[in-house]
Each structure stands twice: as structure tokens, then as C-alpha cells.
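Quick one: the structure is below, and I'll ask about it shortly.
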Amino acid sequence: MPLDVPTAQNSTSVLETFARVRGDSEALARPLSPEDCMIQSMEAASPVKWHLAHTSWFFETFILGPHAKDHTPFHPEFGYLFNSYYNQIGEMHQRAKRGMLSRPSLDKVLAYRSFVNEALIRLIENADDETLAVIEPLVLLGCSHEQQHQELLITDLQHGLFQNALKPAVYTDARAGEGGNAPALKWREMEGGVCNIGWNGEGFAFDNEQPRHKVYLHPFELANRPVTNGEYIAFIEDGGYQDPVHWLSDAWEVINREHWDAPLYWRKSEADNQWYRYSLFGEVPIDPHAPVCHVSSYEAAAYASWVGARLPTEFEWEAAASLFPLEGRFLEGGAPFLPKSAENPANDDSLLQLYGDVWEWTASPYVAYPGFAAPPGAVGEYNGKFMSGQMVLKGGSCATPRGHLRVSYRNFFPPEARWQFSGFRLARDCN
Amino acid sequence: MPLDVPTAQNSTSVLETFARVRGDSEALARPLSPEDCMIQSMEAASPVKWHLAHTSWFFETFILGPHAKDHTPFHPEFGYLFNSYYNQIGEMHQRAKRGMLSRPSLDKVLAYRSFVNEALIRLIENADDETLAVIEPLVLLGCSHEQQHQELLITDLQHGLFQNALKPAVYTDARAGEGGNAPALKWREMEGGVCNIGWNGEGFAFDNEQPRHKVYLHPFELANRPVTNGEYIAFIEDGGYQDPVHWLSDAWEVINREHWDAPLYWRKSEADNQWYRYSLFGEVPIDPHAPVCHVSSYEAAAYASWVGARLPTEFEWEAAASLFPLEGRFLEGGAPFLPKSAENPANDDSLLQLYGDVWEWTASPYVAYPGFAAPPGAVGEYNGKFMSGQMVLKGGSCATPRGHLRVSYRNFFPPEARWQFSGFRLARDCN
Amino acid sequence: MPLDVPTAQNSTSVLETFARVRGDSEALARPLSPEDCMIQSMEAASPVKWHLAHTSWFFETFILGPHAKDHTPFHPEFGYLFNSYYNQIGEMHQRAKRGMLSRPSLDKVLAYRSFVNEALIRLIENADDETLAVIEPLVLLGCSHEQQHQELLITDLQHGLFQNALKPAVYTDARAGEGGNAPALKWREMEGGVCNIGWNGEGFAFDNEQPRHKVYLHPFELANRPVTNGEYIAFIEDGGYQDPVHWLSDAWEVINREHWDAPLYWRKSEADNQWYRYSLFGEVPIDPHAPVCHVSSYEAAAYASWVGARLPTEFEWEAAASLFPLEGRFLEGGAPFLPKSAENPANDDSLLQLYGDVWEWTASPYVAYPGFAAPPGAVGEYNGKFMSGQMVLKGGSCATPRGHLRVSYRNFFPPEARWQFSGFRLARDCN
Amino acid sequence: MPLDVPTAQNSTSVLETFARVRGDSEALARPLSPEDCMIQSMEAASPVKWHLAHTSWFFETFILGPHAKDHTPFHPEFGYLFNSYYNQIGEMHQRAKRGMLSRPSLDKVLAYRSFVNEALIRLIENADDETLAVIEPLVLLGCSHEQQHQELLITDLQHGLFQNALKPAVYTDARAGEGGNAPALKWREMEGGVCNIGWNGEGFAFDNEQPRHKVYLHPFELANRPVTNGEYIAFIEDGGYQDPVHWLSDAWEVINREHWDAPLYWRKSEADNQWYRYSLFGEVPIDPHAPVCHVSSYEAAAYASWVGARLPTEFEWEAAASLFPLEGRFLEGGAPFLPKSAENPANDDSLLQLYGDVWEWTASPYVAYPGFAAPPGAVGEYNGKFMSGQMVLKGGSCATPRGHLRVSYRNFFPPEARWQFSGFRLARDCN
């Protein structure tokens, strides 16, 4: 199964990957005003402008600084302003105050991007083989890093614009009208035994997907597709949010404190008694066939309890998903879209929509694989230090850049997070 | 003593005042980018763009809506977005989230301003005398309201830009170099007795300055000028912030919780051991002769205790100030500047710098005057409902629009507020 | 008008006052268990045991330590545990953690009281005239301080026990059944002019009641009695808590954040649709004739707005009250009771219930009188440092020890405080 | 390997277990005053008195109520006051306010215990075989529940008394002087492969230890004993708390926000430059040979990073520990003690102190075993709903009642919790 990951075997293909990824970020920002690019709606979200600058800072800090001779930083304060969380690099601008940075302007940030692009291309083009061997993995890490921020750019922007009563539509849905009827829910039985989990393929993968290792799985069943909006509405209307029996203790506290009674962005219209959701295309009616999206892992687990099922572990998900090709609806060419329903399956026992459309919450806390070791130095802060208090999501979403994903890819967010394109698929034990 | 308050006796002069005030707001915004106009650094501060829109909403809501025939609002959601705190008008956008409004854009807000200007001018020009008698006080109220927001625009902007390590300079100091040496501190004795306090002049004044009423004052002494930066530095360097004996209980809690050890915006350079402050002109050295600025009433009171004095009451201040002409350095033509030292007095027993440069904290909590009555309706929420938990400041500052002030003017802020141009003058009892 | 303040002209009467006041505190604690004496329900409230110890610490710290030769403190840590807020004395146990002090036991605290009593009596009995002249005012201050804590002991205890679903009754109402019908509301007109305000009598008074000084009052009218429960219920049932027009801005925020819709301790029974309140005698029906109690100054002001009146200033209250004898229902012999209705007036134009039953919120923030000076040293922290963010209450309550009050007495609490026995009386301007 | 778990084969042995466990709780409370039994120092901790009552409520609610004919509850409000978190039972007293319950008194709670004891004994003695088969597992669950609360009683009490500057000693160390020198650190290699994990023995076990299932383990090494105080002091003195490289992101935030620089209860004396800790026996010097205790999982993981090791997973721990007998120093006869050093090993390749002394943090988040199912009804809220945001600890401590533990026992606390007797043991991968 050929995976379209950011990969390269020589400086030419590294340059191509670099150019494509950098261009994709700018394409996403193009329809937006400088003001749109400045919104920060919560500490966990960042302005579009900050994403554009921080991804450039990453290349400058981890590659240009150490490896480009006589590199002079674009601006002496950008290292402070656009460091996200790398304590070993030094102090940084407060996360909660990223939305207060009117300066540098969006134009200046775009100039910073050009500056970094040119310096990095020059560095790669002039690098000898030894240097190339050192910087190529870092360039690919930087590209994957930037792709992650493309998805965050979209989800943070959506959250920011949602705070506005104008409910702005800032994009056109690249695939409007594509959705069909969701296929009937079916259970696919998976054999257990010792499985291999984690990355061992060619090309780039994150440290947290490695090393490949063995996991024992008990036989289990997996739903053929994610839970749909229509199914989730039945849970809501059955009083699911009011019955403590389905909820984890932490979850019950959150839904009561925050008054949650539906997924994020949802609103039941008093005019027509129908559900609507805010999206980057404005407010749209809920499509009952599309996978439910913008739920927390708490809500996913509560729904699963309500139907007498559970969420799969990340190992169950990965073992099953590795049987199917990595295909799905991803972000392409800077054009986001809404999650849509699965297509009707050609093959009766396949698993549908494993990839793309919505991330799938798993039952697995995000912890290190056996034998995991973070790289030395500040770049080692990338993934390892977040292995606490978060849950693994698998499979990518409609906001994940095409080619960014792997079957072994481990996304992770706190269990109460809802602003990603997060849905879920049911699992259950075999009897 | 002729006061240059917004005043008008016929539709022509009302129109002139209106045009001037509206233009001044836009002049202040002109050097700023749309991104600068979007910063909100704390709940109590608002983005420049929001100030520009809200002041227009005020005219639309209180004048055009009720009085212009067939007036259609510029946008159906602006009433929600730009209502500040008028509960009787309806629900409103959350105050803490004003900085998340990328839409409407600054351009759109400027278009909104033009729309309101044109409609209001049309209304005034075509109004019969009866209508004019009703709307003229409201137009003048709206103009005074807008002038207040011009000052807030400056102070909120300064606070917002201060969050940025780039320390942006966004204006040029309109009066750079003007300051001289502060005159020596002298005490001016004031007789006591029954005084008249509050507004009874011609032209516009706020409801909270009225009615004019009698207050009994005991004899007191007032300093000839505000406390200077140099004097305040002596307090800092004597350990003033570390000695509980000078501080109110609430103050002691705040300075310890917030780790205050100098006025807002101040920084002692490790390079040259000198004090600097952030300003809208960038970071500048502290001028020891200029009045201390950006202190809370807590710090003002602690300093006064340290020198064995106290703050004047608002009544003492007003009674004394009414003996002197309303002259001072105010905001003019959309050009802010930094507080400067007092000029050397021609007259040995005058009170200097009563007006302009820095607001002066008084010892008086902001409460109603005897006989105070708020106007009926939502416009009555303007001042009266804030008569709790705030202290009165007098005299205006370098960010107060020229012509906005009166001797009876009562500004009010919570005692811990520091982001206004707030200083203070000492008083003491006569022996 | 002879006032029954704690007063003394020689060591004998000082000793009598001291013995009586100290005994009264213990009488209040006698019906309580050691566990009852340990409850702390919020930071602003303290356990009964802590009150008993702190009042002893006051005598030990300000009198025995400086003036009793060779005084060895009862326990080396009690100075840390029972210092309330005297920063000049040294560090102290955190206020919010007073309820965590199981040790010293109540028995040990009572032993501490005996130890202090004996040492102080010995000191007074053996003091020469010169020493007596120095310590007598401090002993009287300590007695007044302890009386204040007697009232706090009651109000803090009531708040603590209220947290318990058992609704414990811990006292017997010393005057149950005494209440009658409230007289009709009548307005008493008061002349204005320059009045003398503050203490200048014989005997002890707090620093904050001094110096006596002149205040100019405009003519006003004062209600003949406090607002009753029945009148306040009409406000509730008219939707008073839901209409922003009556509320200060801070107040509107508090009542919405805290979901206030009635006075503290009130509950409307679903069984009989009647109002009840928790008291130290258990839950009792609301007496419509009794003065409303346990309201904040915000609620007092909102009610006043609803009836088209206002609260009196502390000066109006004091000037009017000084025309009437200081009589009322106070705490006597360690026996609290519930506020009751005013008796029917013998004299048609008198002001009823000025003293006792409920403290009356005024419209006056708590600030220094002209010429006020706190005593030097740590004892100066007693009153002066709290002159910020609080409102003055006048007249005492059913929980105020008889003999503690003066017409000039200024009680003060934050405007949102409700756990004192706080009611109010209406005022209005003369037309 | 015979395990001394609460177990019973007939009503006689159930009664013996019940009587012993109930008596042990009261023995722990016996040296304490009613005031000691009322302290609550944080929301997560409960007063001793509440523990004594809640464990009785458990028997009354889950056994007497449903199974004892004509059972009348001891008090109609105790169901509200002493329900901990069983939402399906009904509403409950706020957790943070358990320390405000002066009523019922400790005496009344002891009477409640007697009442429940007598009713339960009567029920068991008179039960037919069918009833006995139903209630016996519930009685054993209630006994294990009560043993858990015995440990919490000790840890909550220690935390409560620690808030007091008197540093009270409330027990005598039952095993003072027993500790010796810690053996040298050695690594024990463990083979990997498919292991069986979880409970399948006779007698009682919690639902969360079941079902027994297979887990694949990679070869690993485990330290022969827990990390000692002496070793941990070296980490502190090497600046371990100041170097971000060792800390998880959440951990770094906590140690900086809370200013942690040593384990809970530790203090470095300025007098002798030695470390001391608060304990229930008063403040005692740190024994460098004893296992470090009262650290969070964050600190455990940071220490492990500092020495180039890691924490074991719960599966590694259990697989290794199942090779050794369940022996160790536990709570016995109501007499707590301090953790001590391991004895010198007879056998060179054994694992020492697996059980007792200190709980050992693992690297495993607390989640459900494959096939886990909570029991139906409210009793199912016991364990399952807490499977979020917590980490597993293994092996029991000196505060765990002897006989309560199993090798499969899974204790769980949030990663930042420090007030349990929590230490850790190192693991590392095999090369």
C-alpha cells in the first residue's frame, strides 16, 4: 500500500515537498482578511497569523539557526513571539495573548515566510551530502509540523469565527453536495492475537508512532462506519445528556458545568425545530447521514454506553485499519469541506471512512510505546512531553492535509476537546 | 470663565460639534492598521474598531431609531455586537470577546460611521424646532460619549500594544520636547465653609455632575502641582511597595498578588539602571519632572501616606480648581502626547496643572450627588448604575479631548485601575 | 442622652467591663459543641473557637506583651495562629484555613482565655496611675473589639450551620413571640443645614468615628421604620430581581452570577408556597412584620429604586438618629434572637427601630472623616486600612451586644455582604 | 501463595470479617478528638467523621435498604449527607463542604455505626441461603470499601493536620526504629511475552481488576527496590525541579504554578540544613534509606528521566510482582507507621518491598481491562466512572490495611496527587 507521506530521497524531492506544504498554508490564508487572521478565541487556539509565523520559526530555529552559515534571524524578537512551547529554546510570549499581536502585520509575516523559504531552499540546494543527511529529516519534520498547523489553523479559525454573532462564511465548501445516505451499521469481527503496532515503513513518521512493537488483542468487533449525526440526535433526544449512568465522572462534571447538551457548534432552531451547525461556510443544516463531529471523547464514550458498546482502543483501530487502503476525504489544495456520509460499500465486510472526514476518538490514553525515546535537544519536546492527560485519535479528518496521515498516526487531545473535527466509531467485545 | 464644552444653540452649531467630534475619532484611528484596531488585552478594554462602531451605535440607537422616520438599521446584528452595557436595550455580545470580532472589518465599520453621520445630519437639518429640542441634548450627549471613547481608545490601545514584546510605536508625540523642570512643591491653603459643587452652567454636562449642591469643607491645603515621577521614584526606592503600613488592606492584597512594584508600563533597565516606560511612541526614558502617571488610587494613597499627606476629596479639588481657568494640555486634533512637567508659575500661589496631562485621583468614592436622578429609559444606564466600587478622578489628561472637560467633570474608575492617564496631587489638613 | 458604652473611670470599672465582656463571649459558646465551634464556611467568616482565641490574642499582643513585665506568651505559635490581619505584627495563619485548626482544642482555647484574663486582671490591679492611663484605653479597645467579635461569632456561626442540610437549631430564641404588627410606613421630614457628625462624647469610641466634624445636609425625608419582610416580598414577587432597571451594574452581575432571588437564608417552600428562613433557632416562617434582614446593600438599593426612594447617607442617618434615645433590642447575656417588628409608636413623628434588630445599610462608602488619623503602630491597622470598597451600616442589630453601640458607630461591610443582620430604611429628597 | 483477602465461605466468616473491619476504623479514630475528626483541608480529602459515616451509609444503602425487611434509616437526612458520588442514588451534600458538618456529632456518627452494625449482623444471621448468596458479595464489597476509606482517613487526616503550624502528633509510630540501610540498587531482568493480567483467584476482588486477560510484554528490567529519599534528594539538589527537560508539559505547569521543589510535607530546616517531613507522629527527620513518599506521578517520571530510566507499566509491575509472595508492612490493628527501608535481601535476585510501605506509581493510565463491565445499578458507579485522567498505583502502602491488597489490585489517583503514601520503582527497556 503506497502511502503518500511527506517523503523524499534527494534534495529535489525535499524541495518539492517543502514548496508544496508551504504554499498550502498560504492558500488557506488567502481568502481571509488580516483581521480574520488575528482572532484567538481561547488559550488552546491560536490566530491564523501566528500559525503562519510559528511554522516558519520552526524551520528557522531548528534548521537555519544551527545549519545555515551566517544566518541572521529575520527579526530579533520573533524567536520570543513565535516559540510555542519549547522551554529549552528559551522564554516565550504568553500563549493566551497570541491574539493581541497586531504587530507584526500579516504582510510582515508573509515576508517572514518568504525569507525563511528562500534561506532554506538556498541551504538545501547548496548542502553537501553529509549536511543533507542531517537536515533532510528536520525539513520533513518541519513539513509535517506545518501540516499539523494547517489543520489547527482551520479548527482554530472556525472556533474564533463562531464567537461572532455574524456567523461569517469565509470559505466555499470545496465538495458541497457530495454526501449521500449513510450505509446501515454493521459489525465487523476482528480476530485477536499478537499484532504489530506502530510505524516501520519508509519515509517520515513522528517519534510517537515508534518503535513498532507487539500488542496482544482480544477478539473484537468494529462498526463498519462512524456514528452519524442522525444516530447521535437520537441519543440527545432520549435524554442522554441528562442521565448520569452513561458518563464518566469527569465528563458529568464538564457537561453540567459547561451546560453541554449537543456537539459544539450545534444549535436547535426555534423557528423550525431543526438542528443547525456553524461551519466555515456559515451556519448549515445538520446532515443526518454525515458522521457526527465536534464531540469530546466524553460524549463519544457516553453515546457508546447508551447503545451498549464501547470505543475501540488505538491498537484495535490500527490493527483493523491496516487491512484497508489509506483512502479518504482530506484537505486538498487549501480547500476545506464538511464531513460527509460514507459511500455505500462495494464490499460487504469492509470498514468505511477509516480515513478522512472525522478523527475517531479511541479508548486509549496517549502514552509512550514500549521503547519510545524522544530525540535529544529541544526538538524532543515536540511530542513526548504531552504524554499525559490526553486521548488518542486516529484516521485524520476533512481538515487533515492529504498525504499527512499514516495508519500509525497518533493524534492526541484532552478528552474534553471538541473543536477538532472529532467523531468516533463503535467497538464491542466478541462473545 | 468661558468653557469650551460641546455646546450648541442651533442646528448649525450642533452639526459643527458633531462633525468635529466624529472626525477626531477617525483621525485617531488613521495611523493604525486594521490589526491594531482589533486588539483587546483585557475585559475592561475594548478594541479601537469596537470604539468606532459603538459610538455610532449610540447615535443610531438613541437618536436615529426613535426619531428618524423609516430609519432602517445599517445591519441587523450591529445592535447586538455594539451595545456595551445597556440591559434595557437587549442582550449583547460578551464584553471579554470584543477582540474576537474580525467581522465587520474596519472598512465596514468606517462605512457604518458614514451611514450614521449622513442619517444624523439629514435628521438634524430637516428637524422642526420641536424635534430639535428633543434630539439636540441627545446629540450633545452622543458627542460627549464619543469623546470619552476617544480617550478610552487611546488608553485601551496603549494597554493592548504593551502586551507585545515589539513595543510598537504607533504615533508621533505631538508635543515632544515641551517639558521643563517641575516647580518646587508648595502648599496652597484653602478656606473651608459651605461650597457649591456640581454643574450649573450653560451647555451640556453629564447627569452625574448634577445637581449643583452645597458641601461643607474644612480648611485644607493642596499641593501646587501633581506628584512627579522623580518624587515617586524616591518612594519606590525607599521600599514603599514593601511596607504594609502605607497600604489599604485591599491594596496590599493587590500589589502582592500582582507583584506590583512600580507604575504600570514602567521597567527598570538592567543595562543602565534607569527607569523606562512604554508609551504609544515606543519605550521612552522616565522624565523625573513629569507628573507620575498610570498609578492606581491605591498607589496614590500609599505615596501620600509615605509623605504624611493624603489625597484631596473631589469636593476639595473642585472648590479649589474653580478658582482657576480651565487651561491645560489636552488631546488635540487626534494627536496624543506624553504628560509633561508643569510650567514654572507666573503667580506664586496658583495651582498648576489642574487640568490636562494627568487625571488626579481623589479620596472620594463615586456616588450620587444629593438630588441626583438618572434620566428615564435606557440612556439612564449611562452613569448612574456605575455608582459602586469606583473612585472619582478630576481634571482630565493629555488623552482627554480638548473641550470635553468641565471643572465639575467626574471621571471614575475602580481603585486598582492603572491604564488610564492617572496621577494625583497631595492634600493635607490645616493645623 | 446617657450612652451605655464600655466606659470606665478607674481600674475597678475597667475590670468590671472586662469581666463582663469576656464572660459574654463564653456564654455564647456554652450551648455549642467543640465541633460547632470549628466550622468555617467561607473565607470572610471564622470559627467560633477562632473568635474566642483571637480576642484573647488581642489583649495578649497589644497589652500584656508590651506592658506586663516578664509576660511569657501562653503558647509560642498562638501569635501566628490567631493574628487576624496585623501585618506589622508579623506573618499569620491563612484566613481561609481557620476552620482546619482542630488544635488547639476548644478546651485549650478556654484555658488560653483564663490565662489572659488572669494576667490582665493582675496587670490592671497592680498598675500605677501612669501605666493605667496608658493601658485603660487599650483595654476598652480590646473590650469593644471582643464585642464586635461576639456579633461576628453569631453571624459566622449562622452561616456555617446553614451549610448543613440538618438545619441545626443551636440556641433558643431569647425573645420568641415578642413581635407585633409593623406600623404603617410614614415619612419624617428632616431639615438640612450644617450638622455635626462623629463622636465627641465621654468614654470609648473607635478612631473611625472621629473627629467630630461638620457636614452640610440638604433637607430630606426618612422612613419612620425599616422596610419589612412583607414589603420586600412584594418586590420579589413583582419580578424585582429580574428587572435590570433597579440594579447597580456590579449588583446585576452578582445577582446573576450567584442566582440570588431572595435574601440570604430564605427558601420558598414547595409544600405550602410560603417563605421560610434559616436561623440559629432552626428554620422558621418569615414574619411579614419584621424588618427584612440578610440583604446586601445592592438589594437594599434596588428595593429603594423600585419604590422610588433611596437609601439615606450615613450623615442623614446619624443626624436624624441623634434626635432619639439609643434604645433597641440588642444582644443581651449571650442570648441572640430574631429581628422583630417595631412597636407601635407612642409618638407619631418619631423614628422607630433606629437601633437594634437590624443594621441599616446607608448610601455612604466607608471613608475617613476629615482629620481622621489612625493611631500609630500595629493597632492603627484596626480600622483605617479597610476604608476601601465597603459601605457604612448604622444602628446595630439584635446580634450587637447591648452597650456596644453609639449613634456615631460606623459598621462597614462590602456591598454584596449578606450574612450580617443587615436591613435598611428608606430616604428621599424633599421636594 | 495464600492471599489474606477479605474472604468468607459462610455467614460466620463474613461476620468475622465485617466485625474486624468495622472495629479497625473505630480504632483509628480513637486517639483523635471530635475536632480532629472534622478537618477537611481540600475538596479531594474528607473529614475522619465523614469517612466513619459514609462507610456506614454504604452498608445501609446497598444492603440494609434493599434487603433488610422493614429497615428504617437511622436518620432521614443521612442519605443526603453521606452519599459520596452515587448519582443514581440521588442528590448529595457538596464534597467541598464536608468539613462544615458539625452535626451529626462524632458521638452520633458512632451511634450510627452501631446501629448499622447491629442491623447488618441481624440480617446476616437470619438470612436464608438464597439471601446470603446475594448479600455476601455486597458485604465483602462494603468491607473492602471501608478498608479503602481507612487508608483515606489516614492520608486525609495527615493532610488536614499539616495545615496547622502546631504540627500535631496524633499517633505513636507503631514500628518506630525498625528501618535499616537500603540495599544497593540492582536491575532485575524480566522476560517478555504474553502474560496473564488481572484477578482470577478465589474470594473478593474489585470489578476493575477483572477480567483476567492477556497482555504482551516486551522484555524489561525492574529495580530491586523503590527509589529512596537519599536518591531523591540528589535529584532535588541537582536542580531537578528547575530543568524542563525532565518534565511532562502538564507537570512543568504544576510545579511552577504550585512552587513545588520537594515532595509534599518536606521542609528544609534553615537551622541545620537538613530535610524534615511532617507526619502523623509530628515532624521527623528524613530517613535517606526509606523509600521516597508523597511524590506525584509527575515527580516520579521526572526523577526517572533524570536517571535515564522510566516507570514500569502496571502490567510489567504485576507480571513481575506475581512471582513473589504478597508480604510487606501494612496497616495493622489501627496503628499507622512511616515507610521504612527495605530489608537486606536474602535472595540476590528478588524484588524487594513490592508490597506495603509505599504505593508505586506506574506509567499506566487507569482504563478498563478488555471485557470490563461495571455491575448494574448505582454500585456500578464504584470504579468504572473514574476511568479518566488518573494513573494506576500498585502494591499498597503502610497505610493500606493488611489483607486488603491483591497483586491485581489497582489503586488510582490523578497524576498530580501527592497526599497518598505514593513512591515509585524504576524500570528500563532491555537492550
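The letters A, B, C and D name the chains in turn, as written, and every chain counts its residues from 1.
Here, a residue touches a chain if its C-beta (ideal position, glycine included) is under 8 Å from a C-beta of that chain, and two chains touch if they have at least 3 such contacts.
From a predicted model like this one, the values you see are computed outputs, not experimental measurements.
Where touching is counted per the definition, subunit C and subunit D have no chain in common.
Chain geometry summary: the mean Cα position of subunit B and that of subunit D are 59 Å apart. Subunit B and subunit C, compared by their mean Cα positions, are separated by 38 Å. Subunit A and subunit B have CA centres that are 47 Å apart. Under the contact definition stated at the top, not a single residue of subunit A touches 2 or more other chains. All chain pairs that touch, listed by label, are A-B, A-D, B-C, C-D.
Chain contact summary for the complex, subunit A toward subunit B: residues 33-41, 77, 80-81, 93, 97, 99-106, 160-161, 163-166, 168. The part of subunit A that touches subunit D in the complex is made up of residues 85, 87-88, 194, 213-216, 218, 220, 244-245, 247-252, 298, 310, 363-365, 367-368, 370-371, 381, 385-389, 415, 429.
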